Amino acid sequence: MTADVLEIDDALAQYDPVMGLEVHVELNTKSKMFCGCPTEFGAPPNTQTCPVCLGLPGALPVVNRRGVESAIKIGLALNCEIAEWCRFARKNYFYPDMPKNFQTSQYDEPIAYNGWTEVVVDGETYRIEIERAHMEEDTGKSTHVGGATGRIHGASHSLVDYNRAGIPLIEIVTKTIEVPGEKAAAVARAYVSMLRDLLLALGVSDVRMDQGSLRCDANVSLKPSGSTVLGTRTETKNVNSFRSVERAVTYEITRQAAVLSAGGKVLQETRHWHEDTGITTSGREKSDAEDYRYFPEPDLVPVAPSREWVEEIRASLPEAPSLRRVRLQEEWGFTDLEMRDVINGNALELIVTTVDLGVSPAAAKKWWLGELARAANESGKDLGELGISPTDVSNVQARVDKGELNDKLARQVFDGLLKGEGTIDEIIAARGLALVSDDSALIEAIDRAIAANPDVVEKVNSGKPAAAGALIGAVMKDMRGQADAAKVRELLNAKLGI
Amino acid sequence: MSDLIRKTAAELAELMTSGQASSVEITQAHLDRIAAVDADVHAFLHIDTEGALAQAAAVDTRRAAGEELAPLAGVPLALKDVLTQEGIPTTAGSKILEGWKPPYDSTMVKRLKAAGIVILGKTNMDEFAMGSSTENSAYGTTHNPWDLGRIPGGSGGGSSAALAAYEAPLAIGTDTGGSIRQPGAFTGTVGVKPTYGGTSRYGLIALASSLDTPGPCARTTLDAALLHEAIAGYDPMDSTSIDQPVPAVVAAARNGDVAGLRVGVVKELGGEGYQPGVEARFHEAVELLTKLGAEVVEVSCPHFQYALPAYYLILPSEASSNLAKFDAMRYGLRVGDDGTNSAEKVMNLTREAGFGAEVKRRIMLGTHALSSGYYDAYYGQAQKVRTLIARDFENAYHQVDVLVSPATPTTAFAIGDRIDDPIAMYKNDLCTIPSNLAGNAAASFPCGLADEDNMPVGFHVMAPVLRDDLCYTVGAALESALAEQWGGVLMTKAPELEVTR
Amino acid sequence: MPSITREEVAHLARLARIELTDDELDHLAPQLDQIITWVGQVSQVAADDIPPTSHALPLTNVMRADENVPCLTPEQALSGAPAAEEQRFRVPRILEED
């Protein structure tokens, strides 16, 4: 079934969206939340399990101190209060990839609560209130067999790998976000992207979205424009890239608007986001069958972080993002406008890392906001999801600085990297991108250009040196761009006696 | 029949130390006894003949090599089937775990093995320890060696019956609401529920996590204390384990001096509903303690009357969640996997087929007590009652050192008597449950036979957290005074079992 | 008025994933009703100002260092599996997405 949708402008003309975002982030601890199994991604199936994370009869959990510390870090960075005393709770529901058929989580006593943060969209700052950040554990992973392309529907059976079961998760929940309708989707995207940067800066997660270590659920509801009565919300799951967050929110706004304007009712339900088709489909309806029967986890004792510990962690936090932005702008010598582009383009952390690798701020900005931003835009990905690392940028720029590449060739190297053609050296070799630094080859090309363009030489000789530009163009063309233009001009000028 | 099986664990240890018997001989004697009487008693679900003899031989070899061994090295033991032992079938008395062989040892088993204690096999129990009679075992009822027509108590009826039938000198039980103490009382043996957190729960298949406590069972106070010392102590694998020294239980059991000890008789645990023969033996035992120099007073614990209903909310709630993992996906029984049924359907069918009536009853009750709209009235309120009961204990311990009561309102009843009257069955645990709710130490010691039926009566001692030693002090005093009267411990009065082989 | 109806018991069975038979429901519903009425006496205790106790002992902050310990081998992990395939637990088709 394809749900009818309204045009976004029509939807926003009639309704105001209200959002809530739940982000799950996998921590980068060495061991799982409640046992000593490793957390490495991509290990062979069921090689990182033990009685505890397999939920074997008799096994008992013990809390990972670093998991708690990371939760407190995240809480503090989001300006939350840190609980003086809190407990884990069991969230009871059956699912084959959940070993104990309850998730060890936190319920009404989260470790961090009542915080806020800010995101910038189109130069405007929006404040986002944080409801809570709490600790929990991940589930195993099911592979569905026998159906179409790994889908659950039509599958004959499933295969479960519990390596991921028990990896620590922090769930960060916003309060309702109400921003001008036309900004809602972009704010949602900016928020998730900001969280990614923050978590990286805190060093608590690798935030590999391609590996599912940051996952977003978007709650969306609509209320008639100007009304204060909240509508029924849906929870869209499986929204796992920045662009998807934006698209899924937009889609839900247009879908719900279509339902409501046709006189229908929005169902309170879980919906699934489909990256390929760009739509959400109905999951399960929230019904009385969904009664999680939370109660305090009797196998774990309460966590009561001392204020000394909390202050120690606070002192170890990196500087606040807003202060840091001011400092970086000054260090880099960017204008306000340039800085805004950097932030809107989600390039801040990438540029920081690139500059740390020895690239000038101007060059780092040129690549990330130029060629790479263009590629990201075309593929609908975020800069950080492109597969190009700050190290790649630094290595390419180093070759430009050494005169082995010019900007035009460098762009081709990036193109090759984006297309997965191998390492920088392999791409340069395969595409034949090295600059010709051999003077004799250049002089031969210059001789050919002079011979082929007597009229231009005539003009230069008759006192119009600017006409030499055409000769440089001819030489560059002859060299198929693989020459340093400055060098060509130098040699040509000498030849022509200018 | 070898007289090795009549010896206490302490005596067996002495025989081995002095070279008069080997662990293999002792182990074989007990295996022979099991073969001879267990068809009638049905204390065991699994007998690990090969493993036990191998363990015994290893101890003998180490002893021969002059190694320093733990006090109980080489003594055989019966293990309740609720604790995991690597490679040995572990069912918790349930069909849903039939054939499951755990890939790991519980902390309990690790400690037993480290102490050189020989594990004979796994003992019968009510399914997932839910019951007071072993009638809820999926593998048949255990019979009380004092009267094979009666139940041995539960849930750890298999462990206590094994002691009373001389199939093992030592056993391990687990006590959630009385599952060590009540079978101890019903079989004329000693059963100790250590302080919650004093013994590790790692590898104990959970019934109610905040109540479950593994502990020692034996025929004498000293044997129980020796076993207690071997298995107790901090375990980093159990978050609720107490990181403090083990109370000096062996010293207390050897000393047994109650002179000056303040003993409180709990007013609320007696009277209506208590069998006259039980009350008579209990009061005689209290008299005896007075003669031995204890200062006996009556103490009121007004909220104990709510302990049983509070317990039957807290336990099923935790159990409903603990037992959710038995879903046919990763281990155990799987029913209805015919290639068309969904995982959800297979879970439903398996749990229907794999769980017995009492387990279903309690899962349903717990699911109800935790569900939205009922939580505050049931589970929440029960937890408040738990606080009040803990305060009753606290107040009492300002006045006295230990509290005492009968261990059970009645003696062991006939098989089948209460099987379909859950509330009557639950009332077996009236006296034992408060200590589980508060986490205190408690124990049952034999104090004679009831006049009505000649069945054993248990004397219940409750002591503050980490004062397990006080239980042993009282138990040892009582035991030696009674032995003087009787000319031996109560167990010597047990009828001879017919040997079927 | 029973404290719990047959329909509610059927609902609990669905929540608890137990496929009860009609006979069982007939037998269980009145039993549960009786038990629930009996345990309901806890509500007679006035305890509004009493804090609930979730743990027997007041321990806090029991944590372990973030260190790895040896895992089970995949063979051990799968040793009890009713069915296994490609070193994974094989389970029947799953109806609902999580």
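In this document, chain identifiers A, B and C correspond to the written order of the chains, with residue numbering beginning at 1 in each.
Rule of thumb we're sticking to: contacts are C-beta pairs under 8 Å (C-beta built on N, C-alpha and C of every residue); 3 or more make two chains touch, one makes a residue touch a chain.
Which chain is which protein? Per UniProt: A = Aspartyl/glutamyl-tRNA(Asn/Gln) amidotransferase subunit B; B = Glutamyl-tRNA(Gln) amidotransferase subunit A; C = Aspartyl/glutamyl-tRNA(Asn/Gln) amidotransferase subunit C.
This structure is a prediction, so every number in the text was calculated from the model and none was measured.
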Notebook entry, point to check: Of the chains shown, whose Cα mean is nearest the mean of all protein Cα atoms?
Noted result: C
Checklist line | Of A-C and B-C, whichever chain pair has more C-beta contact pairs | finding: B-C
Check: Any idea how many Å lie between the Cα centroids of subunit A and subunit B?
Finding: 56
Checklist line | Centre distance in Å when subunit A and subunit C are each reduced to the mean of their C-alpha atoms | finding: 38
Check: Where the CA atoms of subunit B average out and where those of subunit C average out, how many Å apart are those spots?
Finding: 24
Checklist line | subunit B residues counted as touching two or more neighbouring chains | finding: 100, 102-104, 210, 236, 239-240, 320, 324, 327, 329-331, 339, 343-344, 347, 367, 371
Margin query: Two or more other chains touching the same residue: where does that happen in subunit C?
Written below: 15, 17, 54-55, 59, 62, 64, 72, 77, 80, 89, 91-94, 96
Next item on the list: Could you check subunit A for residues that touch two or more other chains and list them?
Entry: 51, 54, 56, 62-63, 94, 96, 156, 158, 160, 291, 293, 295, 298, 300-301
Checklist line | Partner subunit C, residues of subunit A touching it in the complex | finding: 29-31, 35-38, 44-51, 54, 56, 62-68, 85, 87, 94-97, 139, 142-146, 152, 155-162, 272, 283-284, 288-289, 291, 293, 295-296, 298, 300-305
Notebook entry, point to check: Considering the complex alone, what residue numbers of subunit B touch subunit C?
Noted result: 100-104, 196-197, 210-211, 236, 239-240, 242, 303, 306, 309-310, 312-313, 320, 324, 327-334, 337, 339, 341-349, 351-352, 355, 357, 360-361, 363-365, 367-369, 371, 377-378, 380-388, 390, 422-423, 436-439, 465
Checklist line | Sites on subunit C touched by subunit B in the complex | finding: 4, 8-9, 12-13, 15-21, 24, 28, 31-32, 34-36, 38-45, 47, 50-57, 59, 62, 64, 72, 76-77, 79-83, 89, 91-96
Item checked: Residue ranges of subunit B touching subunit A (in the complex, touch as defined) -> 83-84, 90, 92, 97, 100, 102-104, 106, 201-206, 208-210, 236-240, 317-318, 320-321, 324-327, 329-331, 339, 343-344, 347, 367, 370-372, 375, 379
Checklist line | Interface residues, subunit C side, partner subunit A - complex | finding: 11, 14-15, 17, 54-55, 59-69, 71-74, 77-78, 80, 85-94, 96-98
